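Listed below are the structures to be examined.
After this come two complexes, each holding chain A, first together with chain B and then together with chain C.
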Partner chain A sequence: MLIYYFLFNLIAISIFLGIILGFVSSYAVVRKWSLLGDIISHAALPGIVYIFLLFKNQNIFVMLLGGALSSLLSTIFSFYIQRYKSIPKDSAFALILSLFFSFGIIGMTIIQKKGIVGQSIINNFIYGNIVSFASGNVYFYIFFSLIISLLFYISFQIQKCIAFDKVFSTVRYKNINFWEFLLLFVSIISIIIGLQAVGILLMGALIIAPGSAARLISNSYFKMTLYSILITVFSFLIGIFISLKYSNIPTGPVIALTPIIIFLIIKFFRKIKFKNL
Partner chain B sequence: MMTFFIFLITLLTVILYTLIGCITIPLNSAFIIDAIGHSIIAGIAIGFIIGKSLDSSLIFLGAISAALLMNLMVNFLKKDKNVEYDSSIGISFSFFFAIGILLISIYARNVHLDLDMILLGNIEFAIYDSIKFFNIMIPKCIFMLIFGLIVLLSFLYIYWNKINVILFDKEYSKTRGISFFGLNLFLIIYNSFIVVSSFNFIGALILTGIAAAPFGFAWKNSLSYKSFLIKSIIYTVLFGFLGCLAALNLDLPISATVAFFISGGSILKLFEFF
Partner chain C sequence: MIKDLKNVLSISNLTCGYDEKIILENIALDIPENVKCAIVGPNGAGKTTLMRSLVKLHDKKNGKILFWNKDFDLIKEKIAYVPQRKLVDWSFPITVHEVVKMGAYDISKSWFSKIPYEAEVKTIDALNKMNLYNYSKSHINDLSGGQQQRVFIARALAQNADLYLMDEPLTGLDRTSEKIISQIFNDIKESGKTVIAVHHDWKTVKEYFDWIVLINKNVIYNGPLNLSENELKNLLEKTFE
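The block that comes next holds the complex of A and B.
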């Protein structure tokens, strides 16, 4: 009985996570932010590590809050130096990524040297372990995902407007800067929640691949978001299924690899089949 | 003597990576370096599984072919107008990286090959792997680094004019018939050579920070490409030295501390703190 409860929890969480990450993925690909997923996930490490070092508690929500704060800081910082110091996008992202991630690695070594209990939680964040969700508070995650997906659903027109015509969006909506910041913040929160499943090192793939794959087979933003959600949920389910069946295969790489393989298949067969979809 | 060798290895690596970064920064492809550093892991894992040891040349071959395949994949994907250049880089490197992690965690669980080692390296072990030279024990990796530096510097010296034309005026280089392909191929092979031969003491992670750092240090305040190279080498060596000193005194991992100091110093210089 216990195993069914466990499996039910995992599947429910993966479906809700897939929905919010699918929304984030299509928005990020359309906004040309696809490498930002990589930056956000890497920059979460110092927040998680130093919160753990400071308060020495294993409450996962406090650590998630720290991760979200440091990712938000890194994102704002990278946009600032792109705009006011006129650095190209690539170099700014690479600089910020290495600054935050190496700072996090230094903190991790301090934790290992001090031998604080509960280091395995941080390893879950780095390599990803979807089973860690099942022991947590499931309803909390579901509640959060519902709020985030509702926000994405409400702001659908605004997303479309910002992504495809920036100038028109400033004319059409009054407080467009607020909405843009809100969407960035919500994307960061959903990426941070997803970190436990996929891991810091591979989260970037899950942000880029489903959106890009959906973009190849769709002719409207609505269809693109729909396909991207479907691909993300499918890859989460595949990851859970494979790692339950074969115990020595980790979940994170499988979840990250599935949308990339879907993307490559679509890329090769697109001209034959999906042209007028 | 130990401390001296640690400083020497770190600073030689910093100089090498800075030179590579100075070549790639005007091409606006700083993330390609990061992508090569990540995708090599798949090649190392496959070479290890076939050759069953960490010293075989199969690892080297696998890493170079993984880097070449990754670059081919980027070039193939970016031709499609529905796929962004950023997305094509991200998809191709995470494809190889995920395959590498999967293979390592399935086949190499109980061996001295885990992800921490590839990403961070361990300089303290590499020092003991030394050979005798004029009655002094000198670590092998120093010879490797000096050889790599000589190759890169002679390449820069021989093709100096052509490289300048390619980096700063692509249209003109096309009309003169100077091919971008050769430089790109050299960069890929050289990068994978350097990363593969240095991953066990300095790690693949440090590469991203150092390769992007010259932009903050010297892009704005240098008048020619030569002064850009010299200034960025001076600044990165200075900050690398400080980072190495801090790491040895506070007992921190050397590669992460050096990367933190260099990228932090680059951002401080960008905001004109000194």
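The block that comes next holds the complex of A and C.
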């Protein structure tokens, strides 16, 4: 009986995480935020680690909150630095990513050297371990996912307008800054929630790949988002399935690998189609 | 009828730039209502910076910009903006109809409700005016450069504004699009409204406009375009030197 409960939790979590990360991926790709996705996930590490060090607290939610705060800080840095036209954007982003991540690694080393109990939790964040979800409070995540999905759903037209023409939207619409910030904030929260499943190192791939693959096969933003969600949910389910079947294979990397393979397959078949035309 | 020469735009002491660089210094400029005004100047003269500061896309360092004596934020609805074409992601999956509809209502306010009926009417009206109705369902990246520019102007028309601010609307167009846009400029003027556009090509300025602002870091000339060829030539030489 317990195993069914465990499986049910795992599948429920996969579906809900897949939905919110699918939304995020679609939006991030059209906003050209691929690098930012990487920054957000890597920058969560110092937040998680230092909250753990400071409070010796193993409560997942407190650690996630720390991660969200440092991710938000890195995002603010990233946007601020773009104001300076003399600094190339990609160098600036790479610097911010390394800055936050190395701080996190320093903290991790301290934890290891001190031999504090509960390091495995931190490792779960880095490499991802979806099983850690299933033993936790599933309803909390489902509740969060529903709110986030609702926000993405009602702001759909706004996402489309900002993504197509940010300049015009800023001039034309009154509350656009509010919505842009809200969408960014919600994206950060989604990424942070997903970190436990996919891991800090591979989260970037899950932000880029489903949206990019979906874009190849869609002629509207609506379809693109829909496919992006389907691909992400599918990737989560494949990840669970494979790691349950072959206990040597970790879930996180499989989840990250699946949308990349889907992307490559679509790209390959489209090429053939174009050749035939 | 004597026209009331109200100023649609008045700028005083405007200085802008980014980082440490100053692009426009201490600009003062008044543009009357109901003109077709071209902003002309060499590359790097600050035409686009000026346009972007008008709509608050660019932080000003100093100075005042007023539309009908009001701040931009208070009168946003009445001002339609056409950004430069190259700034947009043209491969984005969106149809012509959807783009034009962006101008018709404030999406950020009516996010939960259905699209207002009059927005749909305005959209179709604007599509017809720009001769784009047959392309409504087409994807924006299937259109030619000139057609894309017309979509941008249609989006501004759908807003039903009193002032149209356009950044290089006539750059790189085919003859048909040029004609349609020029006709729209006339329509806007006839209905008592105003166009202010950045224009790159001083040779064609007389074809489309009846008011000219020459700038190169600061304002060199601001007035009606009823100048003789010689006067215009002298002014242009002064601007482009």
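Keep in mind that, in the parts below, the second predicted complex is superposed on the first by the 265 of 277 C-alpha atoms of A that agree within 3 Å, B and C clash if a C-alpha of one lies under 4 Å from a C-alpha of the other, contacts with A are read in each partner's own complex, and residues count from 1 in each chain.
The rule is short, and it goes like this: contacts are C-beta pairs under 8 Å (C-beta built on N, C-alpha and C of every residue); 3 or more make two chains touch, one makes a residue touch a chain.
Values in this document were obtained by computation on a predicted structure and should not be read as measured data.
Taking chain A as the reference chain, the count of touched residues is higher for B when chain B and chain C are set side by side. Of the two partner chains placed by superposition, only chain C is touched by A:W179; chain B is not. In the superposition on chain A, A:C161 makes contact with chain C only, not with chain B. Looking at the shared chain after the overlay, A:M224 reaches chain C, while chain B stays out of its contact range. By the touch criterion defined above, A:P88 lies against chain B but remains apart from chain C after alignment on the C-alpha atoms of chain A.
After overlaying the two complexes on the shared chain, residue contacts for A:R215 are found with chain B and with chain C alike.
Touch criterion met: A:V29 reaches chain B, while chain C stays clear of it.
Of the two partner chains placed by superposition, only chain C is touched by A:T170; chain B is not. In the superposition on chain A, chain A positions 32, 85, 215 are in contact with chain B in one complex as well as with chain C in the other. Across the complex, chain B meets chain A through its residues 25, 28-31, 34, 77, 80, 82-84, 86-87, 89-91, 94-95, 97-99, 101-102, 105-106, 109, 115, 120, 205-206, 208-213, 215-216, 251-253, 256-257, 259-260, 263-264, 266-267, 270-271.
The residues of chain A lying in touch with chain C in their complex are 30, 32, 83-86, 154-155, 157-158, 160-161, 163-165, 167-176, 178-179, 215, 218-221, 223-224.
Here chain C touches chain A in the complex through residues 18-19, 55-57, 76, 81, 83, 87-89, 92-95, 98-99, 102-103, 106-109, 111-112, 139, 155, 159, going by the rule given at the top. Only residues 29, 32, 34-35, 37-38, 81, 85, 87-91, 93-95, 97-99, 101-103, 105-106, 109-110, 113, 127, 201-202, 204-205, 208-209, 211-212, 215-216, 248-250, 252-254, 256-257, 260, 263-264, 267 of chain A touch chain B when the two sit together in their complex.
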